[in-house]
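Read through the structures below before going on.
Next come two complexes built around subunit A: one with subunit B, the other with subunit C.
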Partner chain A sequence: MKVRSFFRYLVIILITLAIIFPVIWLVSTSFKNPVDIFAVPPIFIPGNPTTDHYATLFFEADIFKYILNSVIVASITTLVSLLAGTLAAYSLARFKFPLNLNFHLSFWVLSTRMFPPIVTIIPLFAMMRFFGLVNTRIGLILAYSAFNLPFVVWMMRGFFMEIPKELEEAAMVDGDSRMTAFRRIILPIAKPGLVATAVFTMILSWNEFLFALILSQTRAAATLPIGIASTVTQYEIKWGQMSAAGVIAVVPVLVFAFIVQRHLVRGMSFGAIKG
Partner chain B sequence: MKEKIQARVENVTKRFDEVIAVNDISLQVKEGEFLVLLGPSGSGKTTLLRLLAGLERLSKGNIYISDALVNELPPRNRNIAMVFQNYALYPHMTVFENLGYPLKIRKRPKQEIQKRVREVAETLEIAELFSRKPKQISGGQRQRVALGRAMIRNANLFLMDEPLSNLDAKLRVQMRAELRRLQKTLGTTTVYVTHDQAEAMTLADRVAVINNGVIQQLASPEEIYFHPVNKFVAGFIGSPQMNFFHGIYSNATVKTDYFEYPLPAASKENLKREPEGKHVYLGIRPEDVHVSKTKIETAHSIRAKVYVSELMGAETYVFYTLGADEQFISRTSPDFKGQMDEEIWISFNEERLHMFDSETEETLL
Partner chain C sequence: MKTNSTRQLRISWFEKNIQWMLIVPTVILLLALTVYPLVYLVIGMFHTINIRTGERTFVGLGNFIEMVQDPFFWNAMKNTAIYTCSAVAIEFGLGLFLAVALSRRIVGRNIFRSLILTPMMLPPIVAAVIFKIIYMPDFGILNWFLALFGIEGIIWEASVNTALISLIIVDVWQWTPFMFLILLAGLQAIPLDPYEAAEVDGATGLQIFRDITFPLLKPAVLIALLLRIMDTFRIFDQIFIMTGGGPANATETMSIYIYRHGFRFSDVGYATAMSFVMLIITIMISNIFIKRLRTEEVF
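Showing the complex of A and B:
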């Protein structure tokens, strides 16, 4: 038994190392002097660390602009997709539409995720240009929301279907309208699901590169991934700056995940419903 | 003084696509009465309750609660309270918050909420649970909290949808008695849905037996038990269920494949109509079947074979066979010791004999 659990832990540790290695390498590189970056054998912990790369990013490369764009785009996208997606998911989970529309609508929503996003990029660009939304945050927010919505709808629909409908019926008898029952009873119960969905949506829009690259070519709207990519210049690749920017991009997501971690564990039992 | 009517259902029909769940039902709920809607699953009883609550829309007809037409009113404006089969307690709220919720959303002052919650909790003996969440209390306690949440508002009408069916057998009997006392003390008008005929018999002032979306009979439990209007009601109420013997009626005698049973003179006078030459069912409840090891000369007795006997403790259920496939049951004193395949004599309590038309299933006797 002991031997088995030893191997189990060994495997877990190996896998964790493999996953975390790039992150360690990223952090380490961001503090290295240029000569150490390509040192052979590789240096994991730089002997004389430097914060030059961070300084350059903050004082010369205008990384704040990218961060601001990313924060605005990711958070508003999350808000919009969650708001619209949750309402759609609730109606798909609760109301019976004629002609088996519950299924067809859900499937149709999902089908927009069945092709690679790159397929849509050219028509999307044309549309955005027509409406003057290229190089604007609103353009990115619209595009991201459109691509995140199906995901939100399907996740939240699952959560809502798990909540017995008697709960809102009881609330409606107790004095709620459909809408207040949704707000005061259903939403609080679905909170773990809501939080999980928000995390995923946030990360997806935070990391998104392709749309951002095509739809935001100037700094007015460019997000962090674009900022990171801009360290690859015509003459050189600024590895140190690139790593530092990478670290900066990872930190907010980590912090966000830590804050909501408590809600991610689906502790709020639905077990109170059944006897 | 005329009895006050608390709720009125007039020619109500509810259709779900092709299925007619409730078919042109009319009934009245008197003030302070405990009315039980009894029927097998899929009979439409729960749909009728949900129509009263406003959780389903009527297809046809009118519903009045306290003399107000409520067809278009949402549940919250009907001044009703409801207890659900699975209790439907709000899992993210404590017991106290659950109890106070109906008052809180009606924006009553905090003090009043505190006071009412305390009163209700004392009546139901759940005050010590106030700070717990629903998942931290037992099934019986959840049941009480659900009941309390319904009681808190002094609603005009209490609706209960099989509230005891999730409890274990012992607790169910206990809660049933409590429910009955509570309803009588508080004088609440209650409509209660169940498929359990024992609950209907013990709780109800009146029972509405429902099948296929239609009320079969609406009467007191005694009336329903002793004078069912048709074969369905007769068979649905009572456990073990009534024995039915198929036969042909002629000359005041029912001829079955296995025996001939001449109707006693008194019964003959009570016949609703004489079904001369027609197919009928003779009905007799298990407790009205008498068994004897020797032939009784006075009563008309029938020869049968013991199939098996089951000692229940206070009584014995004896199963008999007549010929190849006809089976019936009697409830007998545990003193009777019938051996398997033993030939015995049985007779019926003639005052409790029932007869039904085999086509319409209506009661003839």
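Showing the complex of A and C:
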């Protein structure tokens, strides 16, 4: 029995190491001198670490512009999709629509999540061009808000359905209007869920690549993933800068992931599993 | 007095229709995201479209005839199928193993759990970047490691033979944690009573897994498989960075191929026709799962 549990630990530890090692390797590479990046045998902890790659990114490669675009796009997207999505979710969770529309609307919302992005992006690109929104942050924000909406609606719908109806009914008997009761009673209770949904929306927008690639080809709107992709050119790969840019993209995501730990199952399963 | 009463009237109208008012913004945004593209696709797939001038020429079923005869289209379909099936199968197997192993009481379980979950939060672009570094042919750490066991000279994503496998490895690394997360949550939600009853009745481990664990785990399994299949089927980011679909189209998936036609060759009509096919396949697969999920009462 002891031997078996020893082997179980060994296997778990080995798998965990295999999973976490690539991330550590990225961080380690980002602090290596060019010579050390190509060293054989590989150097695990650089003897004379350098911050040159980060300096190059900030002073020559304009990474700041990409970060700024990412931050602006991700935060406004989160605001817009949360505002629209939370209201819709509340409506779907609380009111009875005619013709079984509660079910059909919820399902339609869910089905939009199944649309492959490549399928929507060609028409979307044509539309954005028509309105002159290509290479603008507004265009990207509109696209991201729309594609994050299904997620927000499904998450918040689940959270609202867990709050007893009687709470706002009592407030409305006391003279509150529907919206006042929503704001005064329901929102504070749903706040943890709201925060989790917001953080997930941030992560999804921060990580998104395909829409950004097509809708923001110039520096005016290009986000961080585009900045990272630009270190891989047809002729050469700037290994040091590439890994440093990767680290910059990863740090906020890990902080966010830490915040939503408790809601991870729910967020990643599209609200289907209440974990 | 009069203005006051019209105002009151307006408020009560708003209050009366509040359920519609609340949902309208979302419906409009989603219409823009779904119905408009659908209309565009259905019109576009019967035309050739010049993306610069917006000029359309009707070609009837021309795009579809071209598709059937296009070996690269079938190549992309094949690659997508191989990628989706093998990545999801491996992730499911590994994820289930890890979930079962960590569902028991183990010292430091929460630390293992947090560490294991790291990759799935990363931007897919960064996962690709990480493996580009690891796969470096002459100076990469993976080839150095394999050389210790006498395996040498693999050029990973740069070779026709290993490129697709190299990309599947990246997917498995990033998304096994997701399978693990969902399945672990499913396992932990199973109540203990049926196990105790089964033990009293003298059921074997295999019987317990088949008759108790698996049926109760089914909703979690269905959700995990559905979301993963949808996401691998549309795979784009990692391939775009690592190989761009090469070498010699060995890693060209549907998304990459449609992208090339739509945005590189400006062959928008053909791209929309392929998009339509991809959409139909997506709808068919997700319908199978959603029907099952409804009988399991998850949705």
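Throughout what follows, the second predicted complex is superposed on the first by the 233 of 275 C-alpha atoms of A that agree within 3 Å, B and C clash if a C-alpha of one lies under 4 Å from a C-alpha of the other, contacts with A are read in each partner's own complex, and residues count from 1 in each chain.
Everything that follows uses one rule, which is that a residue touches a chain if its C-beta (ideal position, glycine included) is under 8 Å from a C-beta of that chain, and two chains touch if they have at least 3 such contacts.
Predicted model, so just to flag it, every value in this text is computed and none were measured.
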Which of subunit B and subunit C A:49 touches, first, second, both or neither: neither
First (subunit B), second (subunit C), both or neither touched by A:261: second
Touching partner for A:232 - first (subunit B), second (subunit C), both, neither: second
Partner chain(s) touched by A:132 [first = subunit B, second = subunit C, both, neither]: neither
Partner chain(s) touched by A:34 [first = subunit B, second = subunit C, both, neither]: neither
Subunit A residues touched - subunit C or subunit B, whichever exceeds: C
Contacts of A:214 with subunit B and subunit C, given as first, second, both or neither: second
Partner chain(s) touched by A:158 [first = subunit B, second = subunit C, both, neither]: neither
Contact residues of subunit A, present in both the subunit B and the subunit C interface: 177, 268-270, 272-273, 275
For the subunit A and subunit C complex, residues of the former touching the latter: 8-9, 11-12, 15-16, 19-20, 22-23, 25-26, 29, 37-42, 83-85, 87-88, 90-92, 94-95, 97, 105, 107-127, 145-147, 149-150, 153, 177-179, 203, 206-207, 209-210, 213-214, 224-225, 228-229, 232, 237, 239, 242-243, 245-246, 249-250, 253-254, 256-257, 261, 264-265, 268-270, 272-273, 275
Contact set on subunit A toward subunit B in their complex: 164, 166-167, 169-177, 180, 184-185, 188-189, 268-275
Of subunit C, residues touching subunit A in the complex: 11, 15, 18-20, 22-23, 25-27, 29-30, 32-34, 36-37, 40-41, 44, 51, 54, 94, 98, 101-102, 106, 112, 114-126, 129-134, 136, 138-139, 141, 144, 173, 176-178, 181-182, 185-186, 189, 219-220, 223-224, 227, 230, 233-234, 236-237, 240-241, 254-255, 258-259, 262-263, 268, 271-272, 275-276, 278-279, 282-283, 286, 290, 293, 298-299
Subunit A partner contacts - residues on subunit B that touch it in the complex: 53-55, 74-76, 80-82, 84-92, 101-102, 105-106, 133-135, 139, 142, 149, 153, 159, 166-167
